[in-house]
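Sharing a structure here in structure tokens format.
Chains here go by letter, A, B, C and D, matching the order in which they are written, and residues are numbered from 1 within each.
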Amino acid sequence: MPVRLWRTPLDTKKVKLPKAEIHIIKDQCKGCNFCIQYCPTKVLEESEEINAMGVHPPRIIDESKCVVCSFCTAVCPDFAIYVVEKQCKEGC
Amino acid sequence: MVEETLITEETAHPISKFLREAMMPHIWCSGCGNGVILNCFVHAVDELQMDLNKLVVVSGIGCIGRTAGYINTNSFHTTHGRPIAFATGVKLANPNLEVVVISGDGDLFAIGGNHFIHAARRNLGIKVICANNFNYGMTGGQQGPTTPLEALTSTTPYGNIEHPFNLVHLAAASGATYVARWTTLHVRRLTQSIKKLLQKEGFCFIEAISPCPEIYGRYNKMRTGLEMMEWFKKASVVEHFSDPAKAEITPEKIVVGEFVDMKKPSYEKLLHEQIAQINKKAGE
Amino acid sequence: MNKKGTVLEGVHFMNGDVACAEGAIAAGCKFFAGYPITPATEIAEHLSQRMPEIGGIYIQMEDEIASMAAVIGASYTGLKAMIATSGPGFSLMQENIGLAVMTEAPCVIVDVMRGGPSTGQPTLPGQQDVMQAKWGSHGDYEIIALAPSSVQEMFDLTIEAFNLSETYRVPTILLADEVVGHMWEKVVIPTGEKIKIVNRKRPNVPPEKYLPFMPDDDLVPPMACFGEGFSFHATGLTHDEHGYPQTSSSEVQQSLVNRLCDKIRKNADKIIRVEEVALEDADVVVVAYGIVARAALSAVRKAREKGIMAGLLRLITLWPFPEKHVAKIAKQAKAMVVPEMNCGQLVREVERSAKETPVAFLSKLGEDPHTPMEILEAIRRSI
Amino acid sequence: MAENKELESREGSEEIRVGVYVCHCGLNIAGSVDCEEVAKFAATLPHVVLAKDNRYTCSDQGQELIKNDIKEHKLNRVVVASCSPRLHEPTFRKTCEDAGLNKYLFEMANIREQCSWVHLYDQEGATEKAKDLVKMAVAKAALLQPAEEIEVPITRKALIIGGGVAGIQAALDLADTGYRVYLVEKQPSIGGMMARIDKTFPTMDCSICILAPKMSDVGHHPNIELLANSEVVDVKGYIGNFHVKVLKKPRYVTKDCSACDECTKVCPVIAPNEFDAGLAIRHAIYTPFAQAVPSTYIIDMNICLNKEGIIVCDKCIKACERQSINFEMKPETVELDVGTIIVAIGADVFDPSTLPNYGYGKYPNVITSLEFERLINAGGPSGGHLIRPSDMQIPKRVAFIQCVGSRSEKNGKLYCSNVCCMNTIKDSLLIKEHWPETEIYVFYVDIRAYGKGFEDLYKRARKEGVKFVRGLPAEIIHDKKAHNLWLIGENTLQKELYKMNFDMAILSVGLEPRKDSEIIQRLLTLSRTQDGFFMEAHPKLKPVDAATAGIFFAGCAEAPKDIKDSVTQASAAAARAGILMAKGKVTVEAITPISYVENCTACGLCTKVCSYNAITLNKELKRIEIIEAACGGCGTCAAECPFGALTQNHFTDEQILAQIDAVTEHGAENKIVAFCCNWCAYAGADFAGVSRMQYPPNVRIIRTMCSGRVAPKFIERAFARGVAAVLVAGCHPGDCHYINANYHTQKRVERFWKKMEQQGLNKERLQLLWASAAEGERFASKIHEMKVMVEKVAPEEVENAKKVFEKALGGS
């Protein structure tokens, strides 16, 4: 049944996707960029700043794109990043 | 949002409680896979809600050997090649302890190879996780038992002419009851595998292929951890229970997955049953 | 011959290896790892039968390296652990003996000495590992070694070895030889409660306060074991009192290595045991140990019959070396005789302590130990 | 050489004894043919031992007579000159068999449809022609060989491709009959189009309510193996013995799935749900709809965060209590052996965004009838509230526009999509039911309410106040602010222009062949009509059979249908397949190829022209192998073989050459030899006869099963023997009864024309005609036309041709 899907589904607004709060422990980062490379929604990028380790820690491009899959937390060799899901009250 | 304001405190990494803060940051290079393996291990321990007092982590010499020290549990850092032998004493002395050996390919399969095959043969209930980085990283990248043919190392400047061990094949042939191989890119599967390994009876083995960009990578045109991870991504194929004999690691193909998962009474179980038997007879 | 599941008691006729094994059981040893080797094999064989009876662990490892490592593992898990071997195996163990020293793992190593070097003469006695026992592993350390000269002592000193190693958290070596190992003699075993058993010091602080390598005044740190709730780290690397590696700190290196030596040196008087026979008026003093000391004893008696004022200083503790005893007697003696089944090992320690007093060395290799006549002859010659 | 072989094979066998029977057929034949004379003439022909004429040879007496003669006169060949073999060949074959004569030793001369009826007013010409036809028949008869029809066992398992209502019905019917059924569905769930429709016309049942029970029956039926999310990728073999490869695409969820839906709650990826025509969302892990069968969920790997092969997100894994998520699943190929195949792949809906004037895809409130079904459906995205997408308000004025994509070559497809009229009427009533105040206009071309209960529904709609306006809007103009729509067009009844404002317009989209029809066509060697729907073996008498034996059609795969017709056809297809499987074996008519190994060079030409893959080249043995059961019997291979290493049973080269020789014995220079294929041209010629269309009597028709059988050497022989003209006639391209064999006919004739030109011959003397069974007129007029041409052919031209093709004279 190949139908051209061009509309925004009517219930798009009703679906609640997880809202993230990303924590980057900058000075623990050794700059391997695993989190940046393998983020499925490309939330992170390398920053200009130089941290205690002398590398560029990641920076958040757009936190709203994060779906809290937490792969960055799992793949970080240096325990320098983790994500928590916002326990949002009504309205958010 | 109250909780958030609390956890935005930077040190509050959810799994930091499993680490010895005093020892952090770890000694490993940027892009090294050892941190990923450590990360997967503590996640597995966390998900299983294991009693850290009942856990003993033993490691040998080499970069990954430091792992034992980083995990906030009973830990011992042995001489080169001997973690399995040491762990044997621990497991037999107290079978209620979960004894895990986390060490490197050189430590476990060159200098320690004899202990590995015999522990597997006995089916002693210790769990071995090998970080395979294809060379001796800590001493500056010498050729080792897993160095691929033709690879360049500080001691094979003209290319390696030794055939490497196929670790999963070796483990399976030696009698391990659980054998799996993952790369540090397969963190979810590696974590699941570690959970399984921690819950199984008998000798279990996981090979965790790990990037060594600063040393091995430098010699072999993969200068960053990312490049090595991309190699893993390109080359790895998930094939569960395929023939470990056919699972040699080549630049083109790395077969990952579970190779062996069987039930077999562990050495310590048989030993303590035997002891119980003897003393029952004695009592009569 | 033995009552199952219990420690042996009463009077028995047995060989030295078996006596050693029974001594270990009496001392509370619950873990034995080993590898077959003449002339120590009987210890393993006997324990493979006895350990299960007392709920202990016997395991034959793939080699002596593994056996030694396993023994340390068992020790860290709270069991009294022992290993028995002879020269070649003893060599293999050296690195991990160093690990035991560094991590202060109490354990007992029995070396039933045979003729070396290398494979040498497996079935003939020797005293050739005396120096290796002290210096075998790399780096600086002190260690305890005892030399039994009878089957009874094979029993007694094995218990003594355990007590010392538990007291000072140091690997303790029982330097037996092929003859005491294989010789059959009467052994008298007192009832359990009459046997003195020492157990390692336990931490008296809560886990969060526990520092695994923080010593008490006797320089020995209390020892917690795996699985007891004190999750701590131990390593063969130079480490601080937390057990954390300190690979580039000179202070930590100095304080650690010095303490490891001092805890033996400073307690030497408590550790050392010797037997003195007719020394009060002795002009010639024979210094001997192990099986040789028994020939020396009769030689000394014969000499006295012949009017020669001879005496015997039998060393039970070889390491730490009883230098005070030797020095003291050297002052009064005109000459000293040291018979050894080697090319001259402990004799050097004797000379070092005897200062000006002349020391005659009597070597014997590749056959039965010295006869009393040979030693008597040496006594005569020495005056 | 092949001829010699024939002769050898006859040496030593008993002498040929032909009996000829000329039928009067009352006056049908005798009216314009002197049957007695024809019989007398026949008696003079070689091998003929007796020739009789009688009133009705097909009557019981007529047949008894033949039987007795066979016994008395030891006839070993029988020729009946009467009507078309398409009518009575089976009758007389039976007669022969009853008398113990192999039925392949019977031959017919068609002197009614192709003689007496078409030359009503030329008794002499008709009689002469009849003699020729009998002579041809006798000549062929003399060379006929007894043949045994081969029997092929039939695997008692069926494959059904497509799990819409048609596939479901066929599957259940066959499974209930006791046959093993494999039902392959491309989508994650069966149910097809019907599952998405709200109500069915004319009865207004809830569509899913009546379909769901059937779906779960399929799911639980012990005889049905459901292969959802799967595709047929390869089909080998032939009737009764198909070997099928099915690609089972991974679901990434195992059968342990309890459909608890916990996974979708945590899945962070969303996409429009195809099932809801994109009006509702679904997650990357999902089930297309509540009643889906199988109920096992599926992960859409195109959007899942783990598409790179690395498990980045493990939320579903963690959420799944039954641990039924398995990202390691790989595609697997299932191999099936089946005896019959039912094609029920359904249809696609027309995509109206290709029509710029209606603005679908741009104007939010222009929706398709399919989107309407989801909107009005209580289980749909709006909970059954007809809302307009722009503002979610309930529309007051609604327009239905009919024939969107149908009945117009310019704007879609020529054909009528059959269901749209009634669907719209049903939809309009649904609106009225919920919101009676709504003003509804239907813009139509014609309202086609032909079916049972349709007209009543139509009347009801009118009574409810639905307004029907004849004449489709030329254009929809969009009011950007209010998102209202202006429909502009001409009311062709009142001959006046209209411009009306609506809140919402529903495009009643037509049905079109599925995009993947080509694949199925290629895999199963099927043929399709101009529309692109699959072509049945016979539009009237074999409406659910495919031209390829053992394959059947159900539902919209064959043409647009409503649910009722789809179900009916499905049961029919099931019955047809069931008949084959019940027999357990099938006999193949002995008109398959014979090969002469010694002549075969293993060049493989024959394998290339066989549309049935019935000939394979054995490279080791350097020879071809023929799978008789797979053979369709067209004879194209025999015509293609340049080495005389192949011929066709019962239509051998010698037999056909003998017919040609018979025709050309006398007065060839005025005659036309016409090769007609059994299904179209020959049937067309018969039809001309039935309709008494008169045409010149100088044409002599030689029947082949397919025009593809006509080998160049036949045409050469005819010219070499001095005929004025040759006609090769077959089915229209695309209508070939042997898939596409007549395509080779065309190539050969074109090649022959070139040859004639090179040889300085008038290529008009060879003509090619495509004439269907219905086109008697076309056939007749062709003969007229050729007569005129023939008269212009000068004797020397004939002589030239004779010389050019001299070589073709060798042989019988």
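What we mean here is this: contacts are C-beta pairs under 8 Å (C-beta built on N, C-alpha and C of every residue); 3 or more make two chains touch, one makes a residue touch a chain.
As the structure is a prediction and not an experimental result, all values here were calculated from the model.
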| item | value |
| --- | --- |
| Chain occupying the most central position, where position means C-alpha average | B |
| Label of the chain whose CA centroid is most distant from the centroid of subunit C | D |
| Chain centre separation in whole Å, for subunit D relative to subunit C (CA means) | 99 |
| Interchain centroid distance [CA atoms averaged], subunit B/subunit C, Å | 38 |
| Subunit A and subunit C: spacing of chain centres that average the CA atoms, whole Å | 63 |
| Set of subunit D residues in contact with two or more other chains | 308, 310, 312, 314 |
| Residues of subunit C engaged with two or more neighbouring chains | none |
| Shared-contact residues (touching 2 or more other chains) in subunit B | 185, 187-188 |
| Chain pairs in mutual contact under the definition given at the outset | A-B, A-D, B-C, B-D |
| Touch list for subunit B against partner subunit A, complex | 1, 3-4, 7-8, 10-11, 13-16, 19, 24-26, 28-36, 38-40, 43, 184-185, 187-188, 191, 224-226, 229 |
| Of all residues in subunit A, those that touch subunit B in their complex | 21, 23, 25, 28, 30-34, 37-38, 53, 55, 71, 73-79, 82, 84, 86-87, 89 |
| Parts of subunit A lying in touch with subunit D, wherever the complex brings them together | 1-7, 9-12, 15, 17-18, 38, 40-41, 67-69, 71 |
| Residues of subunit D touching subunit A in the complex | 187, 192-193, 196, 268-270, 272-281, 305-306, 308, 310, 312-315, 348-349, 351, 353, 361, 364, 368, 370, 381-382, 387, 389, 392, 515 |
| Touching residues (chain side subunit B, partner subunit D) in the complex | 185-189, 233, 236, 238, 240, 257 |
